Amino acid sequence: MSEMTEIRDVRTSTVGLKSFFHQLSKNYVAFTAFLFLLIIHLAVFLGPLVWTVNPEAVDPINALAGWSLEHPLGTDNLGRDVLSRMLYGGQITLLVGFGSMLFTVLIGGLIGAVAGYFGGWIDTILMRFTEAMMSIPNFFLALVALTVLGKSPFMIIMVIAFTSWMEIARVVYGETLKWKESEFVEASNVMGSSPIRTLMKHVIPQVIPSIIVASTLGIAWAILTESAISYLGLGIQPPTATWGNMLQNAQQYIWTAPVLGVLPGVAITLVVLAYNFFGDGLRDLLDPKNSRK
Amino acid sequence: MENLPINQMNNREVLLEGRNVKKYFPIKEGLLSRNQKFVKAVDDVSLKIYKGETFSLVGESGSGKSTLGRVLLRLYDLTSGSISFDGVDITSIKPKKMRNIRKEMQVIYQDPFSSLNPRMKISDIIGEPLEINKIAEGVEKHNRIVELMELVGLDPTRMNHYPHEFSGGQRQRIGIARAIALNPKFILADEAVSALDVSVQAQVVNLLKDLQQKLGLTYLFIAHGLNIVRHISDRVGVMYLGNLVEVGEVEELYKRPAHPYTSALISTNPTPNPRSTKEKVILKGEIPSPSNPPSGCRFHTRCPFATDRCKNETPELVALSNSRSVACHYPLV
Amino acid sequence: MKELLRVENLSVDFQKEKGFIRAIDNISFEVYPGETVCIVGESGSGKSVTSLSIMRLLEYENGKIANGEILFNDQNLVEMSQEQMRQVRGNDISIIFQEPMTALNPVFTIGKQLIESIVSHKHVPKKVAWEQACELLALVGINDVNVRMKQYPHELSGGMRQRVMIAIALACNPKLLIADEPTTALDVTIESQILTLLNDLKNKVHMSIVLITHDMGVAAEVADRIVVMYAGKIVEQGTVYQIFDEPTHPYTKGLLQSIPNESGPREERLYSIKGNIPSLSQLPAGCRFHPRCEYATEQCKKSEPDLVVGNNRKVACWNFERVINDKVEQ
Amino acid sequence: MLQFAIKRLGQSIVLILIVTMITFFLMNLAPGGPSSMMRMDATEEERAAISEQLGLDDPIPIRYGKWLIDAMQGDLGLSLSSGQEVTDRILERFPFTLQLTMWTIVLSIIFGVLFGIISATNRNTWKDHTINFGSVIGLSVPSFWLAIMMILLFSVQLKWLPSSGVGEGSLLDQFKASIMPVVILSTATLPTIVRFTRSSMLEVITQNYIRTSRAKGIKERTVIYSHALRNALIPVISIIGVLIPRLLSGAVIVESVFGWPGMGRLIVEAAQSRDYNLVMGVTVIVTVLVVVCNFIVDIIYSKVDPRVKNMG
Amino acid sequence: MRKYILIAIVFFLAILSACASGNPDKKGTENAANGASKGEPKDGGEVFIPIVGDPIFNPWHPNAYAESNIVNRIIFQGLTKPGLDNLPSPSLAEEWSTSEDGLIWTFKLKQGVKWHDGEEFTAKDVAFTFNELVLDASLGSNGASNYKALDSVAVVDPYTVEFRLNRPFASLPAYLAFNSEILPAHKFEDVENPWELTSFNKEAPIGTGPFKFEKAISGQSVKVTRFDDFHNGKAHLDAVTFKILPDVNTQIAQALSNELDIFVLEDKSSLERVKSAENINLVSSDITRYFWIALDLENPKFQDVKVRQAMLHAIDRQAIIDSVLGGYGNIANAAITPDQEKFYKQDVTSYAYNPEKAKALLEEAGWKDSDGDGILDKNGEKFSFTFDIALQGDLESIAVLVQQYLKEAGFDVKLNTLEWNAMIQKNVIDRDFEMILNWWSYPSDPDVLAQYHSSNAQSGNNIPGYKSDTLDALLEKGQAVSDPDERAVVYNEIQEYMSENLPYLYLWYPQELSIRNKRLQDVPDIHFGGSLHYINEWWIQN
C-alpha cells in the first residue's frame, strides 16, 4: 500500500437510504435527473387520473389542431388528444423499458452469476454463449423475430431482453469472479458457510451496485430500442400509444405538423438522458472502486 | 528454546500432518493441445505440525508456501498425498463434513482490506462464524462479540462501524477476532503481519502470542519477514519452488542453516544494525517458473555450491538430527 | 562541503473535496554530494510525497507545494516551470519507484523506454542512443543486452525490471538518484542484489542517493545519514550511527525497538508503540506523536516542537534529553 | 496464431450454424409467406403454383437441410422476391453498408479517441463536462428522430444536404449524401468510444509507468499521446468488436431514414416480404462480417498489447 | 465549443421555423388539372419519378408489384392501352373484333414495331407471352387469374392473333390494357424457368415501349432512355430516371426541391405542405379502386342485411374522407367506380351518416343495448367482434376511426393490427376474420365477378363469402354481352343490387392525387398510371 493511495479519502458505499440521498443530492446532475424522472413517472402514472381524456377517442374534424384549453398539446392526425396520448404512451413506454430491463437483468444476472460462481464447464458454455450472442447482429434477429412472432408488449419486452442481456451477464460474471476469489469469501468458507450462503451473503451484495447501475442504464437502452423498433413499424401496435409509435406516426407529418414529432422525441430523449445521467451518478456512488480504496 | 530430548520430541502430539502433498494447477491451453501443463505449486511435501507450537513457512514469492497452507486446510483439493488433522484423515472428506472440521482450523489473512466484507458491520463480521455454526444468538451472541473484541484489543463500542473506518492494524485485529470466535485449535496466519507498519506489526505479533498462550492455539505462520519469523516460531520450514528444502528448530536453523538456500535467505536479510559485518550470500538470478522447474535439485540453478549431481539427482528431505531435516546433497552442517 | 540538494521549510498540500490536506509540513533537510540519505517512516509519514515534490511530479497527482524551497545546485526547483523541470528530470535528478512490475510501460520495449530517456536529454542519434542503452543495461548487470532491448517488460522478472528502471534512471548520469522504496516489492534475495547494485553504482558514477524506505534494516545497510519522518514531519535526523546507536526521538527509538532481533536471545514480547498512526486529516494537536509517546507531557499536547539542533544532529522533541538519559539507564 | 485461428473458425462455424437455424425456423414458422403468394387478389391455384416453384412444400427441417447443404457450397439460393442470386443482391448492397459503417468507425475512432483524451486530460473542467454531457446526449437521442430533425434542418430549411440517397455523380455529391447518415450512425458509436477512452485514459494516467515517463523528463505531449494513449487504446480496441454489431443494427435505422441502399434496409424488406433465402443470406453475411471484424480486432489487439501472446 | 452551441441554437431555431412553416393556415391554391400545353413541345430533358423498391422488368413475374408496373409500362407495351376515355384503345394491336359467340377475339397487330434490340415484333411474341407464361399454371404468373377464360392464343399470320376463349369474356380488351405487356419471345427461347432469367428480368429487359432500359442500381435508381425507333412517335424526353425512395417524406422533400417530377401522393399527411409549394401542380383523378369492409358472412351476426346497413349508417364516411383522404374521395355504394363513366351509376341506395337510423335498424334486427353498458346485445349475446387490419398506408388510421364510430353505435370492436403478409394468411387464405377493411383495384372494366361470384366464396376473391344466385346470374351475364350499351344496363342493375344487399360494406372511391412539377407539360389529365401510357408525349418546359 503506497502512501499515495492511503491519502485518498475513503468514501463509503455502505450507507443507508438517507445517507444515499444525501450523497446523491451532492451530485447535481444525477440528482436533477432523479428529480426529473420522479416527476415524469408521477405525471405519466398519476396524470391520467387528473387529465381524463380518452387517448383513443378520435375527432377527425379537429385533427391536427393546435394548442387549446381543450387540448393543451393539440391533437394528432385523427383528432386524438396529444396530452392524453403522451401520458398513456409514456406509461407503456416506461413499462416496456422497465419490463425489458427486468428480464434483461434477470437473464443476464442469472447467467453471469452462475457462470462466475460455479466456473468449470458451466462457465465455459455460458460465457462462450454470451460472447456469441454479443458478436451476432442480434438486432437483425430481433427484427425478424418481431416481424414474424407478433408485436405484443410482452413479445417486445422479451425480444429486447433477449438481445441485450449480454452486457449485464458480463458485468455480473466479472464481479462474481472477482469477489468469489476474495479473501472474505474464502474466510466465510473457512467458517463453515455453505456455498449458497456465501453466494447470497458475500458475493451478491457486492454485485448488486453494478446491477443497479446496469439496470438504470438498461432502462434507457430499452426505451431507445423500443422506439427504434417502433420506428420500423415493429413496435407496439396502434391504437395503443407509445412514445415510439407516436414518433413513427408523427414522421408522416413533419411537413405539416412537425410539433407532433418534436414532443415524443423530446420526451424520449429527456427520459433516456435522465436515466443515463442517473445511472452514471449511481455508478459514481455505488461503484466499489470508489468505495474501497 | 533448547532442543528437546528425542523421547519428548516423539511424544509430542501431532495436530496436522501432510504426507507427500502435491498440488498442481493446470495451465489453461487451447482446446487442441494434447499435453496438459501444470504449475507445480506444491510438489511432494511432507510435514508435521505439533499441538501448541508455531510452525513457520518461509521462502520467496512463488515458493508455494501459501498454496501449501491452503491445501493443508483443504481449501484447495490436493493433487495427491494425504492430510490428517487431529487424527482424522481429511484427504478426501466430504465438503459438508469438512465444514464441520474446519471450525477447528481458521485463517488470518494478509490483506486486512480484502479479507473483510466492506458492506458488513464489524459485529456482523465477528458474529458471522457464530451465526453460521449456530453457536450463539441474540444477547449471547452480542456478549460474545464484545468479549472477542475486548480480547483482541478493540473498542467494543465501535461494533457497529464498517471496516473502512478502522486502521490497518485494527482491521487485522478484527480478522483475528473472527478467527478465534469458534475456539479453533489451529490457525493459519497467512502473511498476517506482512502488510502492517512496523510499529503496528509488533502489536499484532504480541497479540498473536498472547492468544496462543491463552487459548492453546497452534499456528502455521506464513511470512517472508525473517526477523518476525524468528521471533514467533518454534520450528521453521523453508520452501523453494514447491519443495520443502529444510525444516528445523528456529534458533538452530538461524544459527547454522544447513541448506544453501536457507543460508542465503538469512544472510541477505537486512540487519537493523549499521555496524553489522555479516557476510552476504548473494544468489544469482531469480526463482524459476514453477510450471517448468529445473531438473534435479530445483535450487541448483542459483546455488553457489551446485555440482552435476545436483543437476541430475533430486535430493530427498533427510533428517540431520532429531529436529532438523534438509534436502541437499551437500548440506552445510 | 556544499550541499547538492537543500529542502527548506517544504510543505505540500493535497487537494481534496473539502479543502486541502497537508501531507508534509515544513520539512528541511539536505543531501551532500556522494552521500546516501535514507528517509524512513511508516505509511502516511510523507516520505514518498517528499520524493515526488523534489521531482515536481506532485502537480500531476493533485498535490501542490504550498511553501518552501527546494534548492538543487542553488537553483530553486519550486520556482521552475514544468518545462524547465522537464530538463532537470531524468537528467540531473532521477527517480526509481517501488513497483518495478508496473513502473515500466507494458506496451513498449525495454529498448525504446531506455532510448527515449537518452534521446530526450542528450539529443544524440538513435543509433548512438541504442549503444548507450546497451551499455547501461550491462552496467546494471543484465546479460544478453541485445535480446533484452527488444523485450517487453512483462517478459522480465521483477528484479530485472528494477534493474532496467535503474538503467533508465542512470541514463543521463544524474547527480541525484531518488529511490522510492526500490526493494519493498522484491524478495530478500533480490533485494540484496539491488541494494548491492545501487551501492556499487553510487561509487562508480559518483552520485548522491536519497533512498526512501520503511525498513530500518535497509536503511542501516545503505545510509550515510537518516531522516526519520512521522505523520508529515521530520522528527529526527542524523548519521546512521547516531540514529541507530542513540535514537533521541521516542518514535525512532520505538521503531528500532519493535524490530525483533535477528540474532541473540529472543524476546518474550516485542516492544511496541501503542496506538495507531494518525490519518493526515485528523492530526492530533501539539506534537503529532504525543498520543503514542511514553514521554509525552502537557507541553507535548499543546505545542509542536521544532526541529532543534543538538549534538550535531536534529530532533523534534520537547523531551529529547529525557530520552537520551533513559537510553543511558538501559 | 494458427491454433488460435482454427479455434476461432470452429467457434464461428457453430455460431453461424446457431444463428441460421434460429433465423430459418423463426422465419418459416411465421404466418404468411413470400409476398408473391400473398397478393390480395391471387387465387388459390396461383399460390399453390408459386409455393411449389419456390420449393416451399417440403417440411421446414428438410428445407433447412437443403439450404445448409447449398450454403456450405457457397450457394445461398435465389431471392424469392426477384429471382436473382441472393449473393448478387447482397453484393449490390454490401458496398453501401460498408461505406457507411467504415466511415462511421473511422471517424468515431478518430474523434472518439480525441475527445476522450481531451476529456480525460482536462478532468473536471468545462471541456470535460461538455464532452461528457455531449456523449450522454448522443447516447440518449433516438437516432431516427435526430435524423428527421437533421433532414428538417439541413435538407428542408437550409437545403445544404440531400435528404436521401447515396448521391449520384460527383464525389462531392456522394460526400454530401453520406454526411448525415454517417453523423447519425456515429451517435451510437462515438459517445461509447469517447467514454471508454476517457475512463481508460483516466485509469492509465494514474499508472506508475506514466509517473515513470514523466520522471524521465520527456515531453508531456509524448507522455499523453505516446505512453498513455497506447495503453488507453487497448480496452478501446476491444470495445470496437462489440460496437460493430451495434453499428450494423444502427445501419438498419439510418438506411431506412436516408433511403440508403444497404443491407440493413434489405433485411427489413426481405423479412417483410418473407424472402426466406434473402433473409438467410443477409443474416449469414452479416454474421460472417461480424466474426471477421472481431477476428481482425483480436489481431490488432494482440499487436497493440504485447502481453497478449497466445490469443484465446 | 462556442461553435457547437451556435449549431445547437441554429438547429433549435430551424425546428421552430419548420414548425411555423408547417402552419396549416398557409393554404396554397390548388392548381388542379394544369396539364394544358404551354406552346410547342421541346425535345430533351430527363424526368424523375420515385418508386418504392427495386422493380422487376417482367410484368408477369409473381413479384412484379406496383413499382414494377410503373417502370414496365414505359418499357413494354400491351396489345391495348387505356384510352383517355378509359376505354381500351390501340397500342400494339391496331384493331380487334370478336366472333358472334364471343369465344374468339382477333387482334390485328401493328406492323413495323421494333423491339429495343432491333428485332421485329410479331404475333409470335404475343402467342409466346400468353401461351408460355400466362397460361402455364405452374408458373403462377402475376394476373394469370384474369385470363381464366382464355384457352390459347393462336398465330394466324405474323400480324394477326386469335384469342380463343372457353366462355364469353367481354372485358378482354380492357384486361389486355392492364399490366398485360407483351414480352419478346426470342429472349426467352430455351429458358426453363422464365422467372429465373435475371439477365432479362433484372438486368437487361427488352421491350417495345418508348423508353429502353439503360441501367439499374439496386436500391437506388433505374434509368431508361428514349427509344428512337418507337413506333408511335418518338418521345420528347431524353430519359426517365426512377429513383428508389421508399420514404414518403423524402419523396416530398425532393418534389419540393425539383428533384422529382411526378408521382402519386398516397399519403395525404403532407398535403398542406405540397399545396403551398409553388413548383408543384396537384392533379386529382378518379381511379378504378374502392375501399370496403368485409364481414364474415358465415357468421350469423352479420348475415342480417339490416345489421350491415346499420353499420354503414353508423360510420361517417365523409368525415373519414375529409380527414384521412384530405377530401379526395367519394362515398361508394357499389363496386363500379366513377371513372368508368359508361357503367357507373350514381343513383343507387345510399347510406348517409345517421346514428339514429342505425340504431333503429339494429333494433329491428333484434340488437339493443338492454343492460345499459353501451354495448348492443341480443338474447344475452353481446355484439362484439375483432376488427383485423393490415399495416398498410392509411388503413390503420381509417380503422381507428371506423372502430370509434362503431363503438358509438354500440358495437364492441377490438382492433387487431397485423403485418400485411400475416393478414393475407389469416384473413384471405385461412378466411379467419370477423371484420376486415381493405380495397380492390381492378382493370378499367366493370367485370367484378371474381370478387362477388359464389364460386369464389370459399377460397377466391369473394372474401366476405357472399352467396346470391341473383348476383351470380347478373355477373355472368355481364361477362357474356360484349356490346357496351347492353353491358351498361346489366352493370347498372348489379350496382343497384349491391347497394341494397351490401355483400361488402362500401366505403368510398378514392381519388388519386398526383404531384406534378410545373415544368412538366402535356401529361394527360388522367390518373398517373394511365398517363404513363402517354409518356412519349410528355415534355419539359425550361
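Per-chain residue numbering starts at 1, and chain names A, B, C, D and E are given in the order in which the chains are listed.
One rule holds for everything that comes next: contacts are C-beta pairs under 8 Å (C-beta built on N, C-alpha and C of every residue); 3 or more make two chains touch, one makes a residue touch a chain.
Source: prediction; values computed, not measured.
By the document's definition of touch, common neighbours of chain D and chain E comprise A.
Simply put, of B-C and A-E, more C-beta pairs touch at B-C. Ranking all chains by how far their C-alpha centres lie from the centre of chain C, first place goes to E.
Averaging Cα coordinates per chain places chain C and chain E 90 Å apart. In terms of their C-alpha centroids, the spacing between chain C and chain D amounts to 53 Å.
Separating the CA-averaged centres of chain A and chain E is a span of 45 Å.
Counting partner chains per residue, chain E has residues 15, 18, 249, 419 touching two or more of them. The residues of chain C that reach two or more other chains are 43, 61, 99, listed in rising order. Of all residues in chain A, those that touch two or more other chains are 1, 147, 251, 254, 258. Interface residues of chain E facing chain A in the complex, by the touch rule stated above, are 15, 18-19, 22, 24, 248-249, 252, 267, 269-274, 316, 319-320, 322-324, 391, 396-397, 400-401, 403-404, 415, 417, 419. Of all the residues in chain A, the ones that touch chain B in their complex are 1, 10, 12-14, 182-184, 186-194, 197, 202, 205-206, 288, 291-292. The part of chain A that touches chain E in the complex is made up of residues 56-58, 60-61, 63-64, 77-79, 147, 151, 233, 237-239, 251-259, 262.
The touching residues of chain D, when paired with chain C in their complex, are 205-209, 211-220, 222, 227, 230-231, 234, 304-307. On the side of chain C, the complex with chain D involves touching residues 55, 57, 60-61, 82, 86-91, 94-95, 97, 99, 102-108, 116-117, 120-121, 152, 154, 165, 168, 171.
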